[in-house]
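Below are two complexes that have chain A in common, paired first with chain B and then with chain C.
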Partner chain A sequence: MIVGNQKSLAEIKEIVAPYKNLLILGCGTCVKTCFAGGEDEVATLSSALRLGFKKDGKEILIQELTIERQCEDEFIQEAAENINSNDAVLSLACGAGVQAIAKRFKSVPVMPGLNTTFIGILEKQGLFTEECVGCGDCRLAQFGSVCPIARCSKKLLNGPCGGSKNGSCEVDAETDCAWQLIIDRLKALGQLNNLKAYVQPKDWRSSNAGGPRKLVREDHII
Partner chain B sequence: MKSGSNLEKILAEGKFAVTGELGPPRGANAGTIKDKAQHLKGMVDSVNITDNQTAVVRMSSMAASTLLVKEGMEPNYQMVCRDRNRIAMQSDILGAYALGIRNMLCLSGDHQLFGDHPKSRKVFDIDSIQLVSMVKKMRDEGKFLNGEEIADPPRMFIGAAANPFGEPYEFRVHRLAKKIEAGADFIQTQCIYNMERFREWIKQANDMGLTEKVYILAGVTPMKALGMARYMQKNVPGMDVPDWVIKRLQGVEKKKQAGEGIAICCEQIEEFREMKGVAGVHLMAIEWEHRVPEIVEKAGLLPRPTV
Partner chain C sequence: MAKGITGIANPYTKGNCRNMKTNFKPRITLFQCCNILSKDAFCKLEKKIDFDLDVVELPCSSLVKDVFLLRAFESGSDAVVVLVCPEGTCRYVEGNIRAKKRVQWVKNLLDEIGLDGKRLSLFNVAHSDKEAAVKIIENTLSDLSDLGPSPARSVRETEAVEEKKV
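Up next, the complex of A and B:
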């Protein structure tokens, strides 16, 4: 899923301060799953903002709404009436959701309530970890399904650096050394020989390093 | 000869090589390099010039290497993958060669979060082994990484690092093999204190025939004081400082600790000189360049051969 984390109340207050009628728009897919931007978070944030502004003696009317996905037209249209009847939208979706809304409602300011962090998983209760950078050229088959680009601090493709210790990355003892995981897993799979061959420099064109990406699916074009 | 550097010639003749290290200053004064270099002149065969080591901004390694060339000395130009993409790297390699630099050490680089600009963005477009391979391609095939011809190819003597103490241990020697296959001519190791583990590692390398394909220079750093030993044991990634080192330094009074550190270093060098598979030592006297003459003298490494 795309993992996000809600901005601080102070930062959100500053962002929405100029507006009197605000729609807080939640997203019911990824960011709901990571407890950052679903229905529950919309309700909690709205109450906190109402209370906060009241204390400051400022009037603000907050409307709450959560749609299934802010990145899909079909669901976005469900929010059209609410969006058009407010001064601004505070979107609790990922960055894609915020921009998808903004593209479709040209005269309404749309602002982010979250910091979109990474493509990751819920590793255990209360801990999300980054697993994929969306590089556009997946090599997981070679590396025992542990991604060295997303999970090695130096993106090394030909083996661990000298700083791996007790299974941890030298950059942060709380982070697993991706290369230790790769080696352990390939050993268990009897595929350690995968690592003996030299891995060529990566072609980064398929990644964000090549500029904004598009995916054209001819078979879906009507 | 691949590059014709002094270091290459000494190693090719089977002489025990000695390389030193010089950290460029955190400032723009060329005189600092000259002053530090004077301590190393005639004491070592080539001097590693670090590339923003520990991710702290310093004078560029190419500029400092060039200043060393002007002093009539031979630099071993270090390049890390942290700060440059393949375009900048190849451009710098051409420039370095044009400025008279003939040895290069290819490294991944310390992570920027350890340094003085933790907010910076890392590059790591290619990794250290890919860098080795790229420098070799430029030299031996006369081609850039993209396959296009280089008008006048740079002919570098190619170095890489190895850390026998990094984990997972069993993979270390295979990583060395990969570096050799990619094109490393010489290897400089991480500072060695755990002699037992190093002996195991070099034995593995000997058994795999790797030491016949590459020159291995054993890395040594004399401890200046007990505090330094303790710090390195606890805080420096990839460093393995056994307790006996701490105990020996503890065993002497404070003002004699530096001397004891040098004594340990000389004993190590003595063993390396006899060790099968070790072609020389890489003496990293960190911010202690002025003690290098004393160390190489005590270790019986003088005079340095002329080739």
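Up next, the complex of A and C:
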């Protein structure tokens, strides 16, 4: 899922300050799971903003709505009436959701309430970890399903750097050494021979270094 | 200054009317786990002291959501108190610990808003310890005499209080 983190209240207040009628639009999929942009976070942020503006003697009318996904037309349509009846939208979706709304409602300012951070997983309640950078050329099969690009601080492809201690990364002791995890897992799978093959320098053109990416599925285009 | 029922000097004691320093009638919202006290535990205190108390009883303190705490302030509370069971005694194992973490989160948010996190507090209270609960409310009232009314109380509401006073 896409992991995001809500911006500070001060930054959000500054972004929404020019508007009197504001729609705070939540997204009920990825960012709901990471407690950043679901129904509860929309309600909490709305309340905090109302209190903050009231304290400053300013008035703001906030409408709250959360749709299933802000990156799909099917769900965006559900918010059309609310979007059109407000001065601006503060979207609590990831960057894709913010832009999807902005593209479809040209005359309404749409602003982000989150910082979109990474593609990750819920490691345990309240802890989200980055697992994928979306490089566009997945090599997980070779590395025992542990990604050295997303999870090694130095993004090394041909073995560990030698700086890890007791399985922890030398850059951040709180992070597991990805290469320790790769070796342990390949050992357990009996696939340690995978590491004998030299890995060529990565061609980053398949990642966002090659410019904005598109996926075309002709079989689904009518 | 008149004494509260547990002996603490209280600026809001009836007869003394409202806090002479800030001249406002404090309003407290209390969220409490239903396993601690019954809703009417504060009747005597309310009769004795001039303040408003809204008690919200919850099946477990962990059901206090961030937004409930904030909305209590939105509806005009000057302070919000959360009473939870002592650690290790929650019927749902960790409900009181969850409530404690959530309250800390909202306290930080209140600081960020500029309302002062001190207006929100959480206390562990043993089952049926009415005396401790009453003392907590008295202490909160005492703190409010320094903090004054919530800056987010609506202007209209403040004006209404002023008119009534005149």
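Here is the rule we go by: the second predicted complex is superposed on the first by the 222 of 222 C-alpha atoms of A that agree within 3 Å, B and C clash if a C-alpha of one lies under 4 Å from a C-alpha of the other, contacts with A are read in each partner's own complex, and residues count from 1 in each chain.
Here, a contact is a pair of C-beta atoms (placed from the backbone, for glycine too) under 8 Å apart; a residue touches a chain by one contact, two chains touch by 3 or more.
Just so you know, these numbers come straight off a predicted model, no measurement behind them.
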Message = Quick one: is A:156 in contact with chain B, with chain C, with both, or with neither? Answer first, second, both or neither.
response = first
Ask   = Now for A:196: first (chain B), second (chain C), both, or neither, which partner does it touch?
value = first
Query = Is A:164 contacted by the first partner chain B, the second partner chain C, both or neither?
reply = first
Request  = Report for A:44: first if it touches chain B alone, second if chain C alone, otherwise both or neither.
outcome  = second
Task = Examine A:9 and indicate which partner it touches, taking first as chain B and second as chain C; both and neither are also allowed.
result = second
Inquiry  = With both complexes superposed on chain A, which partner does A:52 reach: first (chain B), second (chain C), both or neither?
reply    = second
Ask   = Hey, which residues of chain B end up touching chain A in the complex?
value = 81-82, 86, 108-109, 111, 113-114, 122, 124-130, 133-134, 145, 161-163, 165-168, 171, 174-175, 177-178, 181-182, 190, 237-238
Query = chain A touches which residues of chain C in the complex?
reply = 65-67, 70-71, 73-74, 109, 112-115, 151-152, 154-155
Key: chain C contact footprint on chain A (complex, rising order)   = 8-10, 40, 43-44, 47-48, 50-52, 54-57
Residues of chain A defined as touching chain B within the complex = 153-167, 170-171, 177, 179-180, 183-184, 195-196, 198-202, 204
